[in-house]
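First chain A sits with chain B, and in the next complex the same chain sits with chain C.
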Partner chain A sequence: MRSANAYKAYALIAPAFLLFLIFNAYPLIWSLYISFTSWDGLNPVKEFIGFDNYRLLFENHEFIVSIKVTLIYVFFVTILSTILGFIVALNLQKIKFSRFYRTLYFSPVVTATVAAGVVWKLIFDPFSGVINKSLGAFNVMGPNWLSDTRFALPAVIIVGIWKRIGFAMVVFAAGLASLPTSTYEAAALDGADGIKAIRFITIPLLKPIFLVVFITGIIDSIQVFDHIFIMTNGGPMGSTQVLSMLLYNQGFRLFHLGTASAIGWLILLGVLLLGTVQRLLAKKVIKNA
Partner chain B sequence: MFTRSRKVFFSVAIAAATALTTSHMAPAQAASKNVTLEFWNYWDGGNGQALAGLVKEFNSKNPGITVKPVTFPWGDLLPKLQASIASGTTPALAATDIAWMANLHASGKLQDLGAALGGVKAASSDIYPQLLTYSIYKGKLQSLPASTNNLALFYNKDLFRKAGLNPNKPPKTWDEMRAAALAISKLGGGTQGMEIYTGVGEGLTWQFQPYLWQIGAGFLNKTNTAPTFNTEKGRKALQFLVDIINVDRSATAGQWGAFDKGQAGMRIDGSWMVGGYRENAPFEFGTTTLPIPTGGVPATNMGGEQIMSFKGSADKNAAAIKFIKWFTSANIQARWDAKTNFMPIRASVASHPTMLKHMVDEPGLKAFVDQQKYAQARPAITTYPAISDAFSKALEPAFYGKVSVAEALAAADAAVRKVLP
Partner chain C sequence: MPRKIFVSASKHFLLLGIGFFVALPFLWMITTSLKPPKMAFTSPYLLPTHFHWQNYLNAWTDAPFARYYFNSIFVAIFITIGQVITSILAAYAFDRFDFKFKKTIWVIFLSTLMIPLPLLVIPTYQIVQQLGLSNSLGALIIPRLWTAFGIFLMRQYFHSIPRDLDDAARMDGAGTLTLVFRIIVPIAKPAVATVALFAFLFSWNDFLWPLIALNSPENFTVPLGIANFTGKYGTRWTMLMAATVTATIPAVIGFLLVQKSLIRGLAAGGVNE
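This part shows the complex of A and B:
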């Protein structure tokens, strides 16, 4: 009986599993193999070179810089978009036209990143962009945002945050709606309302939600590519060259498919490692919540 | 369990085998009827329309052959070709950036055009020899130029007038260009004297190479085995641009796009920009041949596309050759260039009546056509993309004043030697 059921289950998942094998598992394994070769993507010969691609990456200054840039990007985008998303969700809870504002804040999430990148590039334009023109009105000479090593990364981080606030807001809004009103009423009787209620009731109760927004934030932002490709193409001087940009450049501009595959696998290992740490943290947080 | 899966396996295998044999038989039966050739390229917009028009004409004149252009964005075409080569699903025809040719040749999947067209000489007769640098691999002609272009100086006549410069006397030397840039930058309001491309990648390298050639430093040696730019002359060329940015402040590192809006006086760019500026530029523009240093020689960089055919069935191969021969012929090329503003690939196109008329209609092209004979080919070797990337990365900090010109070129020399074969 049990085995018959099992067969049925296998049969039912077979189509999805087959697609997974073809479109996920096969390329994954294939890229692992490629990462041990010096293949250029076209040559019929794929020379096996062992761990050379990985070893050379860690000797490569560009790769180390790229890891730093990626971590800075992930850190600021995840933390700030989570905090801002939370604040927006809180403030939209009980105001008029909250649906309208929610739609407004959510619209960047569903905007094509490439299109948004083009628009932001115009906004950051040193001469005709909105930002520097506004600064100019106060006699402040705005920086050359996208071509200055000090400002390019903050600029693409701002766009990353802008793109993500809406998502965080929606998740927090759902979380807030599920909180029991009785707790707040009881707390109000004890004199805890306003900021105190948020600090001692809302935030502790929303811990699991924070965790979800955080985890998805990290996974999302570690793979960032589109708007950076449009806005800075990784420059100037590698200051915005996140790992996925480096991967693209190595694989498709320099014909180093082996190196690109190795970078891909290192990103995967990094995400797995972060994921494991988060799972352990999550268990602890949810137990305490 | 095992037997069942085996049965499934066999039935699937039989089905697949039947499908394969029938699909193999199909073209053989229909050989005389119709062959469809996919033609992959990245010509979009007006260029894509021009191609579609010509292809339509070819198809109607050649019953039995249907050429089907498939356009990808520039950045997608190479990955698509890589995937198609790996999976054995290559298109019959493709036209790609000359920068990718060395790697495509080495894939071993390209048809030998020389053999099919009666020898390398006959197939390439009056094609400019520099263009053939990208066509011949190990003595075999495996592709032909489909279009070419080069770099010249675009300048904003309105800004020239405002700065008190003669809009009909554009700079001819490096010193004149530097002086004009300085004068225009003095107009204020964020106006740039000129734009210099400083972003990492082939963009920087290919814009800088003409300066190296003009001053006599060169890029790599004749055998493409060692860099030649790390010399007194090379340093002088780089210093020239760095000074425009960091001493005169008439250009800004990392800035690219101000010229389009009429906020920069000059920019070096390719012939493909002429049509766009004629339609959209909010100012009157002019073009002129690249300024050269005192005692230097004229030189510009050569870009463009090559057309090739991937090996397939015999009838597809023959049809693809027929199309390539037709597309690269003088009559078709002259009309193609007139519609796209690409440069002639062969002498008989340059002197073709259609082309001569086009040059009168679009005076902005004269500088480019005049210069085509000075256009130099970049090293056509598989490691070139990596060389160019390493070179540009070493030079970029110099434009920002982070390292000296000597340090940048020494670093470029070391980095290029590391990736040279």
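This part shows the complex of A and C:
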């Protein structure tokens, strides 16, 4: 089929490829170039300053804090949503009302994150929010969630988890459905059922699925922006200023496009690094399976 | 038998517990949206006892939510159609043809899924300006007309369609496009539906890019409208929640109605990755 039909194949790929060139490849190279300049978005001259943006970022306290905040966010959202999603998927097997539960858990996935952010912001309101009112009923003084540097990050993490459980549940449910029942029957004969079967059969067999949920979780949450923008706008005092929030502030509030592009590239390098780790881990998992 | 009942009861207990956390914002939002304004901060919180529909009327007269809905749907439809078409064409080429650089292009395409969106928005803003699209709905649509995820899902499905069908159609003198759209696409309807749903969902929820690309309110999409409304009426909770309910619940219901294909697609993407 080669050669004679090759031009047809190229023609079929052309629309996607053209869009790829204009809106993926070119922007990538362009932003890499901008990250080596001190461009403000208006000046026709883009002064080349080498690695200065990168060097200054790593000397900048705000950036270091932002990396820490992002890593904490990614860590907790990924781990906890994966665990909760797994628990839900596990308990949904062969149970009454499973459709109701599935729909309920899936709703946040399809809710606009911005709208969810608005609702959660009011729920976390220190005086009138339903959380602190409930705590007040037990004579507990709730914290000033979103304006307290200690509680703002946990609050936005809770929303990140809330949004992601449904996705993890769905992927785990598909994974569980693909497991051979014969394995469980054999195990039950050996006296392994319930928690034991989960620990020694289900979890090991689902290792590749765990990996996928983890990695997609990391790639998604490392770019988090929407609900943080709404709930805290990165504050108070940078305590929720994740990297994409910092990028937005640098690029579109201060017009430091060079700095913003450098931040963007550092996020990409982080993702690529994790992608490589995933590939290595996946190979190992498949080998051991 | 009692043990069985205990196990299933504890399962429900657990699922309802986590479910309460998941349902909390929805219950609270709906309840608050229906309260008379002076009751905004008092109980009940999670189940409506009042039905003050006036809040909805106020929200919709104070902000052009109908306009936001129109914009969101307009953008989402074009993005959906575009992604479905580019995905079908490219997926067919990748699955049925052999050509130079096939593997390389495939790997490059798939790796675009790892590019963080915040990195792309800065240069995309400049490109859109150069194309004369700034501050228009076109700025939201055109950069989003393709996605490697769509091609990936579509290719997987095409692969399961027997090639005899292609040969038979070609014997009858069908050209490639006729063959693809008359023979292959009708069989691949589930894949088309999944790609379409994802495109629609992504477009519907997108926020960062519209936030940067648009500055005149008449072009705002629903998420931008909500963000804007919050800034203006942040203290008037009942009205704000009425706006949020109308901006989210219809879409959520729409997506839940088709959740089977959505979930199947998500799972396919996840399990086979």
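Methods note: the second predicted complex is superposed on the first by the 287 of 289 C-alpha atoms of A that agree within 3 Å, B and C clash if a C-alpha of one lies under 4 Å from a C-alpha of the other, contacts with A are read in each partner's own complex, and residues count from 1 in each chain.
Please note the rule applied: a residue touches a chain if its C-beta (ideal position, glycine included) is under 8 Å from a C-beta of that chain, and two chains touch if they have at least 3 such contacts.
None of these values were measured; they are calculated from a predicted model.
Chemist: Report for A:L146: first if it touches chain B alone, second if chain C alone, otherwise both or neither.
Modeler: In the superposed model, A:L146 contacts chain B only, not chain C.
Chemist: May I ask you to name which of chain B and chain C touches more residues of chain A?
Modeler: Touched residues of chain A are more numerous for C.
Chemist: Quick check on the superposed pair: does A:S128 touch chain B, chain C, both, or neither? Answer first, second, both or neither.
Modeler: In the superposition, A:S128 contacts both chain B and chain C.
Chemist: One more residue to check, A:D52. First (chain B), second (chain C), both or neither?
Modeler: Touch partners of A:D52: none, neither chain B nor chain C.
Chemist: May I ask you to decide whether A:V171 touches chain B, chain C, both, or neither, giving the answer as first, second, both or neither?
Modeler: second
Chemist: Please work out whether A:F252 is in contact with chain B alone, chain C alone, both, or neither, and reply first, second, both or neither.
Modeler: Touch partners of A:F252: chain B and chain C.
Chemist: So, does A:N43 touch the first partner chain B, the second partner chain C, both, or neither?
Modeler: A:N43 sits against chain B, while chain C stays out of touch.
Chemist: Shared contact residues on chain A for chain B and chain C?
Modeler: 127-128, 251-252, 257
Chemist: Under the definition above, what is the set of chain B residues touching chain A in their complex?
Modeler: The touching residues are 75, 78-79, 81-82, 85-86, 103-104, 106-108, 190, 198-202, 252-255, 257-258, 261, 263, 382, 385-386, 389, 393, 396-397, 400, 402.
Chemist: Can you list the chain A residues touching chain C in their complex?
Modeler: By the definition above, chain A touches chain C via 1-2, 5-6, 8-10, 12-13, 15-17, 19-20, 22-24, 26-28, 30-31, 34, 84, 87-88, 91-92, 95-97, 101-108, 110-116, 118-123, 127-128, 130, 133, 162, 165-167, 170-171, 173-175, 178, 209, 212-213, 216, 219, 222-223, 225-226, 229-230, 243-244, 247-248, 251-252, 257, 260-261, 263-265, 267-268, 271-272, 275.
Chemist: Can you list the residues on chain C that touch chain A in the complex?
Modeler: 8, 11-12, 14-15, 18-19, 21-26, 28-29, 32, 40-41, 43, 45-46, 85-87, 89-90, 92-94, 96-100, 102, 105, 108-109, 112, 114-124, 126-127, 142-143, 145-146, 151, 176, 201, 204-205, 207-208, 211-212, 222-224, 226-227, 230, 237, 240-241, 244, 247-248, 251-252, 255-256, 259, 262-263, 266-268, 270-271, 273
Chemist: If you look only at chain A, which of its residues touch chain B in the complex?
Modeler: Contact set of chain A toward chain B: 40-44, 62, 125-128, 144, 146-149, 233-238, 249, 251-257.
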